[in-house]
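See below for the structure under consideration.
Each chain gets a letter, A, B, C and D, in the order it is written, and its residues are counted from 1.
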Amino acid sequence: MTIRVGIIGTGNIGTSHAANLARVVSGSSVSVVFDADAARAREVAGDFGARVAPTVIDVIEADDVDAVLIASPDAMHAEQALIAIAAGKPMLCEKPLAVGDVNARNVVDAEVAFGRRLIQVGFMRRFDPGYNRLKAELTASGIGEPLIVHNVHRNTSAPYGLRTEQTLTNMVTHEFDINRWLIGEELTSVMVLPGKRGPLTPEGESDPILVVLQSQTGVLIEVEAFCNAQYGYEVQCRVTGSRGQAVMGDGAWVTRSADFVRGTELPELWLGRFAEAYRMQLQSWIDSLKSGGPLLGASAWDGYAAAVISDRAIEAHRTGRRVDIELPAKPPLYC
Amino acid sequence: MTIRVGIIGTGNIGTSHAANLARVVSGSSVSVVFDADAARAREVAGDFGARVAPTVIDVIEADDVDAVLIASPDAMHAEQALIAIAAGKPMLCEKPLAVGDVNARNVVDAEVAFGRRLIQVGFMRRFDPGYNRLKAELTASGIGEPLIVHNVHRNTSAPYGLRTEQTLTNMVTHEFDINRWLIGEELTSVMVLPGKRGPLTPEGESDPILVVLQSQTGVLIEVEAFCNAQYGYEVQCRVTGSRGQAVMGDGAWVTRSADFVRGTELPELWLGRFAEAYRMQLQSWIDSLKSGGPLLGASAWDGYAAAVISDRAIEAHRTGRRVDIELPAKPPLYC
Amino acid sequence: MTIRVGIIGTGNIGTSHAANLARVVSGSSVSVVFDADAARAREVAGDFGARVAPTVIDVIEADDVDAVLIASPDAMHAEQALIAIAAGKPMLCEKPLAVGDVNARNVVDAEVAFGRRLIQVGFMRRFDPGYNRLKAELTASGIGEPLIVHNVHRNTSAPYGLRTEQTLTNMVTHEFDINRWLIGEELTSVMVLPGKRGPLTPEGESDPILVVLQSQTGVLIEVEAFCNAQYGYEVQCRVTGSRGQAVMGDGAWVTRSADFVRGTELPELWLGRFAEAYRMQLQSWIDSLKSGGPLLGASAWDGYAAAVISDRAIEAHRTGRRVDIELPAKPPLYC
Amino acid sequence: MTIRVGIIGTGNIGTSHAANLARVVSGSSVSVVFDADAARAREVAGDFGARVAPTVIDVIEADDVDAVLIASPDAMHAEQALIAIAAGKPMLCEKPLAVGDVNARNVVDAEVAFGRRLIQVGFMRRFDPGYNRLKAELTASGIGEPLIVHNVHRNTSAPYGLRTEQTLTNMVTHEFDINRWLIGEELTSVMVLPGKRGPLTPEGESDPILVVLQSQTGVLIEVEAFCNAQYGYEVQCRVTGSRGQAVMGDGAWVTRSADFVRGTELPELWLGRFAEAYRMQLQSWIDSLKSGGPLLGASAWDGYAAAVISDRAIEAHRTGRRVDIELPAKPPLYC
């Protein structure tokens, strides 16, 4: 069974989702595409073997659409979600679910009235390996119960000008969600403390800022956000717990400090280290077979070369000497 | 179009490949399975919606097998590859292609005689993001032309006892291949220098060892291999080039040293940092839709909570005060 | 000329200072010692070739005391500083200068009335190589003008029980001073936000805490302090500036993020890397000569061995072969 | 008692030693200086309060020279050491002890004939905190018995042109000595394997090179040396032991891999982290007192400011509010 997805909105993120659903994710295809820019919609549909629908409703109600992906401008999310609920179609809705809490509540109420969950919101950090490793630390064998959490969030630059309220609704909203998920508690208060304005901060706006939140049981959560950081993009999270500290930093790597050691875990087996290589090897192979294009991995010739080198290495080990390796001419098939 | 793969051998690696092809890779399915242990074959076939074939030939020649994955014991690879070539079926053959260079050459000759490439060898490191980043460093804007390469390869323990010749053919063979690929040259000599024997090294065997290879243009390649390292599994590679040095280490992270700075690149945009989270979010969503199981990502309630917190944060920013966040009771649908 | 120092207080820190002044620092000696525990004073005086004085005043006024080091309990600092000012003796006063701002002001007023600076306060972080490297980053060629500063300060455990007010006056006072020094501005406001209480936090106290300060030009300074962190001691400081970010972390190491690279500087020459080794080599040599004890560095035999190995290495390089190294029997003088 | 040192040779390293002995090391002074360049000798002598001697013998035999520091060109070390032995004067002789093993042996024989150790050779890495931490790992509670050691040694550029034999005698000689010291064994064989020649390597020379040594019990020691590395200076050492691995890298930091964790130790107390800051604070204070120059550390005003901020922080903690900090005008004494 293949889940046929209808895409609403083919900006950067909608197109990225479409590419994943059509070419990377197992069990899905892209069947229908809508964008306010019809030419753009045609282009994306062509790339992924889909057809174009003239309206959002046409996407949602199409017989060949099993599920909907909402990647339209933020202000349209709530309305489109309500249409999909009315049609009983499951959807992945890019964050935010809605602009404004009243609009968000309307969507919740409609889903509750429908009586079954249809909506997944695109807070994708919940699937990030780094955050999942970090959450796994919040146990007695890790760093214990979380007491204080420090988040760093930098954007290289603020697209389309900087407005601090947008920093909160579009950027820091990721931390609002992921910290609720991380500690498994609701947040009960919020403060926003402006840092010194940087050279790119417009009059009347604040950047960088420090947002301080508190949770039901008193966990203090800091978010240091900087939209125009210039030096690059980064997301880090440090949780200090009742018996240690864990930091998720570059490369989704988690470092634990406990019992007077700061360190990272080493795997016992190779599968974990190379899991992604195994997946991509197979995907590349399947892609080549489907397209009839060239095989991109190691050839039989490469396998032969490795066998020759192994044999000479065995001889070198037995004799204790340097052994020459000679390969015959490479057949044209492999050139 | 779906590529239907026949799996030969359902040990650890064969089963891992089958799981990826059936559930993770886009565009493939597992149709037929063979293993010398028929019960094991039935179990794996059941897990992935495939049927069991009574012999290797039955897998290879099956009409519902578009391609073959050879994950049998090493000594059988060459013979099975020859059968698949005779049947004109493309295959991914786990490394090594063959035991012994003569057997490997036979496979090459058969493929050349067939006239079209059918074989990809499972040197999966060529698809590892870390090695690919490292290879990207071997340019004028990176570290320049490679001069000397140092590889570290540790296994936690040697399965089934340690024999140094197996270290070379099964373990270091990865470095034989990946270094050829990395520097794009053939290797022309090999030495094997035994280190001091560790406490777990059997009489007459060497572990750790240092393998020293040289390439056509004189690049010196060291491989420090240790089968019974005990402390964990790790693979590292350091390339010293004509204008700098690059190291692939933990987490496939590449560190460049050039112009008196040792560092790593920061992304400009978030997509790179969270590419894997986006992929896994979609795969989880599609899996839930296919299975009818619960949605594992953020719910509409989570989207609503984020909207409420964002609104209160805006108020906090406007007023400069701490603002309380209150959520109504969570509807049972989300509990 | 040798500066003869009188030590007031021989607890841990006073004794550590005395050892440095007597044995490590160039140009100083310890001449007189006082401690309320006379036996302790005698022991320390004996170790460092000093005599014991019966009172604080006797230390300060002694003819053979050129300067005073005040390492008594915090509450006595101000009074002893006033005595030393009255005697016109320069002093290094351990932090805090006084308990309570009124007492501190009295000392300032007395020094101003005296008309010449006599007091250095023991905020030793100003001499830490890490903080000095960090401060050097606050330039156009580093990370630019500081906008927001995040400090982490962990103690393994709170000695003598935890009281949050002591956390502020004894522990966080280091950050009060070093951040003033780092950004070169006065601080203009302070907030203290309690984190969730850890398992070792007494009733009515807060630990961990977040202290938020603002400077004259609006730099936001966070201090995350945790007295009973259990996992170990650490001090970190991250400055985000107008064009990059610098972090002082483990080992006083500074990492700069700018222009899409996160990295550290590599030295051009060896002297920087081994400056401490050179200093300690000479100190060890001088100590051996003074005490008549054994020389702890490399012997002439070690120099001879290195010469032999170098000669054999030259031969190995010339011949391309493995060359044996043989040393004659080691003379008993070197055993 | 002060050890009065005579300096022979005032090039870079001789001057650096003189500065340390005169101003940093406790218990030493520089009394006499010789250099073939008399003007240079006068300059250095002037800087450190010493007088100039017209010949090497005049330095060694001077009544006001208790010990000699030999920092002349390499080829003169042996002869000068013999003179000092004849005079019965202890000496720190820069490495190498001699050029050529016969000359080195002559020095050893003379010292043995003298009957008492007079010579310490300047292999300063033995005093490096990093190497000492690494050596401390070679125990059952660390990484166990060493089996294989990998050394990296890079120079930014080869001064005065590159000759591979000089690479071995001047640069890699450090590794010859430090590896003997590290594992506590003599080395029994040596190979030199040339890497691919870099763009700055002269015809007929090799750079980078791999030197492979073996010890009495079979420990394999690799030294990857590169004189014209261009990217910067670095020294690293990785020891793989019978139960783990330890790496000394940037900042003399040691990372241990054992039991599936790779990490570094955290201190329990602050003294270790700030030991260098404490030392430099005292040295700076003593230097100011001796020179009559300004005090460079925190002033009484700084102590007062910290007291004021602490008081306001206590108020902020009690009230839960942001509290303003106001300092009176700073007295001119502190400006």
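As a working rule, contacts are C-beta pairs under 8 Å (C-beta built on N, C-alpha and C of every residue); 3 or more make two chains touch, one makes a residue touch a chain.
Since the structure is predicted, the reported quantities are computational estimates derived from the model, not experimental observations.
Novice: Counting only C-alpha atoms to place each centre, which chain is farthest from chain C?
Specialist: The most remote chain is B.
Novice: Looking at B-D and A-B, which one has the bigger number of contacting C-beta pairs?
Specialist: A-B
Novice: How many angstrom between the C-alpha centroids of chain D and chain A?
Specialist: 47
Novice: Centre to centre, by mean C-alpha position, how many angstrom separate chain A and chain B?
Specialist: The mean C-alpha positions of chain A and chain B differ by 20 Å.
Novice: How many angstrom between the C-alpha centroids of chain D and chain B?
Specialist: So the centroids are 43 Å from each other.
Novice: Tell me, which residues of chain A touch at least two other chains?
Specialist: In chain A, residues 156, 194, 231-232, 234, 250, 257, 260-262, 264, 266-268 touch at least two other chains, as defined above.
Novice: Considering only the defined contacts, which chain C positions touch chain B in the complex?
Specialist: 257, 260-268
Novice: Quick one: which bits of chain A touch chain C in the complex? Just the residue numbers, please.
Specialist: Residues of chain A touching chain C: 143-148, 150, 154, 156, 193-199, 208, 210, 212, 215, 217-220, 222, 224, 226, 229-232, 234, 240, 242-245, 250, 257-262.
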